[in-house]
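In the two complexes that follow, chain A is the common piece, with chain B as its partner first and chain C second.
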Partner chain A sequence: MSAGSPVGMLFRKRYLADHLRDREGVDFLELCTDHYLDNTPSVADELGLLVKHFTCVPHGIDLSLGSRDGIVESYLDDVLRVVEQIRPPWFSDHLAFTRAGGYEIGHLAPIPLTRDALDTLARNVARVTARTRVPFALENVAATFAFPHAEMSPGAFVRELVARTGCGLVIDVANLACDEINLGHAPEAFIDAVPPEAIVQVHLAGAHDDGGIAVDSHSSPVPPRVWQLLERVVDVAPHAWLTLEREEALPPYHEIARELDAARALAARVRNGRVPA
Partner chain B sequence: MSARFAATTVTDEMQIEFARLVTSPAARARFANAPSEEAPALADLSSQSVTYYANALLAKRLHEIRRLLPSIGRRGDLRARFAAHAMGFAPGGHGRHREDAIAFARTLGDDARLDRLALEATRGDRFGALAIAHGHLSWWFRPWKHARLWSGRLAVPRRRTGESEQRR
Partner chain C sequence: MVFAIVTTLALATLLALRATYWATPRDDDSIPPIPQPIDPIELAYLRRGPGDAVRVAAVALAERGIIRIADDVLSTTGEPLGSRDDAFANAIYDGLRVARTFPELVKIIELPFRAALEPLDRRLREEGLLRRSIPAGMQAIGTLGLVLVGIIAAVASRPIGARDGFFAVALLLTSLTAFEIVAFGTLMRPRLTRRGKRYLAQFQTGFPSDTLRASMRHERASALFAAPLLVGLYGISALAATPLSAAALAMRRPRRSTGSGGGCGGCGTGWSGGCGCCSGSSGSSCGSGCSSGCGGGCGGGCGG
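The block that comes next holds the complex of A and B.
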């Protein structure tokens, strides 16, 4: 693994052969936890292969930490089983809810920025961290709307969550760029507000425009604005692991490798430009 | 009611009302017409925001279905048919896309079976056919060969779907 920010990507099966051929191309792979919850032989074989050859970090999507209904214990059991198999430096999910009052949304919904929602989140995060010694981190999601009755800014909300739970942060700079377009939120204000020591990982990706709405589709190359925000995060959190996410319109691997190299170069440039303490 | 209790209630209600709206086209339509009556805690949220999120959610589900059902996925525009399917079926939790795909495939299979039976019944030498699909008993009947074909359908009791099913 490189001396500076490790650089990796969200694992897509299409690139498995490329990763095995070019082991130095990624320092780690982020795995979608939910893909490995089915304990079938083929799933177990794939997970075993990845864990054997790469450092892996699981990233889940359905803990629904913002739900007042609480964590679904059977799902948490399954997630922790995968975490035990991988033995990662941390695992993560999202600052979101996917169910409420018995309704299954089936996708990540942003959390109202209220003190009550913060209480719920803190309670659910504590429930997760009480079950494992592996550190747990949360990722900011992109939103196309904001709930009314906000009582604090997104950055203040996350800062207080970290203070109350000790959780880590996965900063998705692509999502911050989407929120800037969709909600008018200032990404820099968010980055400056959250405790840098909590930032363990950064996500970068491309979005697409849907009639003026930025959609976090992970379907295009990383745009300049996201590189710009990445630079800011790396400046405050130089050891955060950088993760390229590409889920749609998958390009040839050499294009992915080029973006991974660009992330590596950016991190080195920021690191070299820092004044030693 | 204390301010603290009021805030608590509002936060909880906002999440529940939002989840209900994005999983129910009927509730969204009511919300668009009378937001403060349908979802008081979300009255300040534009119905366009809710609709956009709900449509994006449907698009994501359909995208997964195209991936999981490659033969069906190669077909043309499935959005309208999928939206009709999604009105009564919203799986949750781990494996939800697989369950969604299985249910959608079953729906399309029922469509194909009904079309085939209706077409076969038009053959003059057939006396008729029966099929249970989409919550209805469909029938085609001809009292003797080459007589006029009678057809109809009756709703049959079945497991409730839609909003009531999603609440668990």
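The block that comes next holds the complex of A and C.
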């Protein structure tokens, strides 16, 4: 693994052979936890192979930490079983809710920026962290709408969450760029507001435009604005692990490798440009 | 009574032989990770023996445009080998000065190829991935001996029954059956250990055949060794319906094994193809391994 920010990507099966042939190409792989919850032989074989050859970080989508209903314990059991198999430096999920009033939303919905929602979130995060010694981190989601009556800024909300729970942060700079377009939020203000020491990982990806709405689809190359935001995050959190996410319109691996190299180069440039303390 | 004692002693000897001579690390021992770089010849040799190692080396040269394969004929294109090409590539390149077909090539390059494979063979056995193979002659003699013992016992059972009664015959047949099962099992044990199968299985999980076939359509396929890896992991027939489908035809496995030098040569030692042992793991179409014996049924079915 490189001395500065390790650079990896969200694992897609399409690239498995490429990763195995060129293990130096990624410093780590982020695995979608939910894909490995069903312990079928083929899934178990794939997970075993990945864990044996790569540093892996599980990233889940369905803990629904913003739900007033609380955590679904059986789901948490399954997530922690996967975490135990992987033995990662941390695992993560989203600052969102996917269930409400007994209904599955099927989407990562943003959490209202209120004290009440923060209490719920902190309670659910504490429930997760009480069950494992592996550090837990949360990722900011992209929103196409914001709940009214916000009591604090997104950055202040996350800062307080970190202070109350001690959780880590996965900063998705592509989501910040989407929020900038869709909600008018200032990404730089968010980056400056959150505690840099909590940032363990950064996500970068491309979105697509759907009639003026930026959709966090992970379907295109990383755009200039996202690289710009990445630079800012790396500047404040130089050891955060950089993760390229590409889930749709998957290009040949050499195009992915080019973006990974670009992330590596950016991190090195920022690191070298820093004035020693 | 004497027969029962002799049979029991033979059985014990066989079991001891299996436990020592063919002892391999247990299943739960950690298997080696996928190496970097990956060697498709190693995989082919491990999976099927030297015949497939030759196929992989030839396919690697065909993929690089150094040899041409058309209408069952193999020839060099005039492109020179690189200075970093190994003994396998050199043996094939030199062999094609004389040979035109794959069986001819195999006959010509058997000696240099066998010499080049020796260190690999030794390493694979040291790592517990391959068993020591029984020499072909010994295997044939052993099989013949077992059949003869069975025939003699069948003929002898009638007078023994008349003289010593039903229990004597039952004891004779029971001990003989146990002996024959263990003896055949020992003679026909697949060359690949369970550890070897698991080692190969992780490659087959990591490199599914459809992914490798898809890679072959990309311009960077030769840099990625997609075709040799495909043949190494799934056999020559996996090249069908790919840009190198002519190689699948020209180097297809024979329906009945001919083996160089007569006879099959034991599991995995056949050169022209018929007798290798399949890994038995996912991705291979031949799940039976060598249990059916190399002299008979293994030739045509594997290779998927």
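The rule is simple: the second predicted complex is superposed on the first by the 277 of 277 C-alpha atoms of A that agree within 3 Å, B and C clash if a C-alpha of one lies under 4 Å from a C-alpha of the other, contacts with A are read in each partner's own complex, and residues count from 1 in each chain.
Here, contacts are C-beta pairs under 8 Å (C-beta built on N, C-alpha and C of every residue); 3 or more make two chains touch, one makes a residue touch a chain.
Being a predicted model, the structure only gives us computed values, none of them experimental.
Peer 1: With both complexes superposed on chain A, which partner does A:F147 reach: first (chain B), second (chain C), both or neither?
Peer 2: In the superposition, A:F147 contacts chain B only.
Peer 1: Have a look at where A:H53 lands relative to chain B and chain C in the superposition and call it first, second, both or neither.
Peer 2: Once the two structures are laid over each other on A, A:H53 reaches chain C alone.
Peer 1: With the two complexes superposed on chain A, say which partner A:D116 touches: chain B (first), chain C (second), both, or neither.
Peer 2: first
Peer 1: Which partner does A:D216 reach: the first (chain B), the second (chain C), both, or neither?
Peer 2: After superposition on chain A, A:D216 lies in contact with neither partner.
Peer 1: After superposition on the shared chain, which partner residues are touched by A:V72: those of chain B (first), chain C (second), both, or neither?
Peer 2: A:V72: touches chain B, not chain C.
Peer 1: Quick one: name whichever of chain B and chain C touches more residues of chain A.
Peer 2: Between chain B and chain C, the winner on chain A residue contacts is B.
Peer 1: Quick one: is A:H254 in contact with chain B, with chain C, with both, or with neither? Answer first, second, both or neither.
Peer 2: second
Peer 1: Considering only touches as defined above, state whether A:E245 meets chain B (first), chain C (second), both or neither.
Peer 2: Neither partner.
Peer 1: Which residues of chain A touch chain B in their complex?
Peer 2: 34, 37-38, 62, 66-68, 72, 75, 78, 97-107, 109, 112, 114-117, 120, 144-145, 147-149, 151, 213, 215
Peer 1: What residues on chain B touch chain A, complex-wise?
Peer 2: Counting only chain B, the residues touching chain A are 7-8, 10-12, 14-16, 18-20, 22-23, 42, 44-46, 49-50, 52-53, 56-57, 60-61, 90-96, 166-168.
Peer 1: In their complex, what parts of chain A are in touch with chain C?
Peer 2: Touching chain C: residues 14, 16-18, 20-21, 23-24, 42, 45-46, 48-49, 52-53, 252, 254 of chain A.
Peer 1: In the complex of these two chains, what residues of chain C are touching chain A?
Peer 2: Touching chain A from chain C are residues 33-34, 36-38, 201-202, 205-208, 211-212, 215, 218, 220, 224-225.
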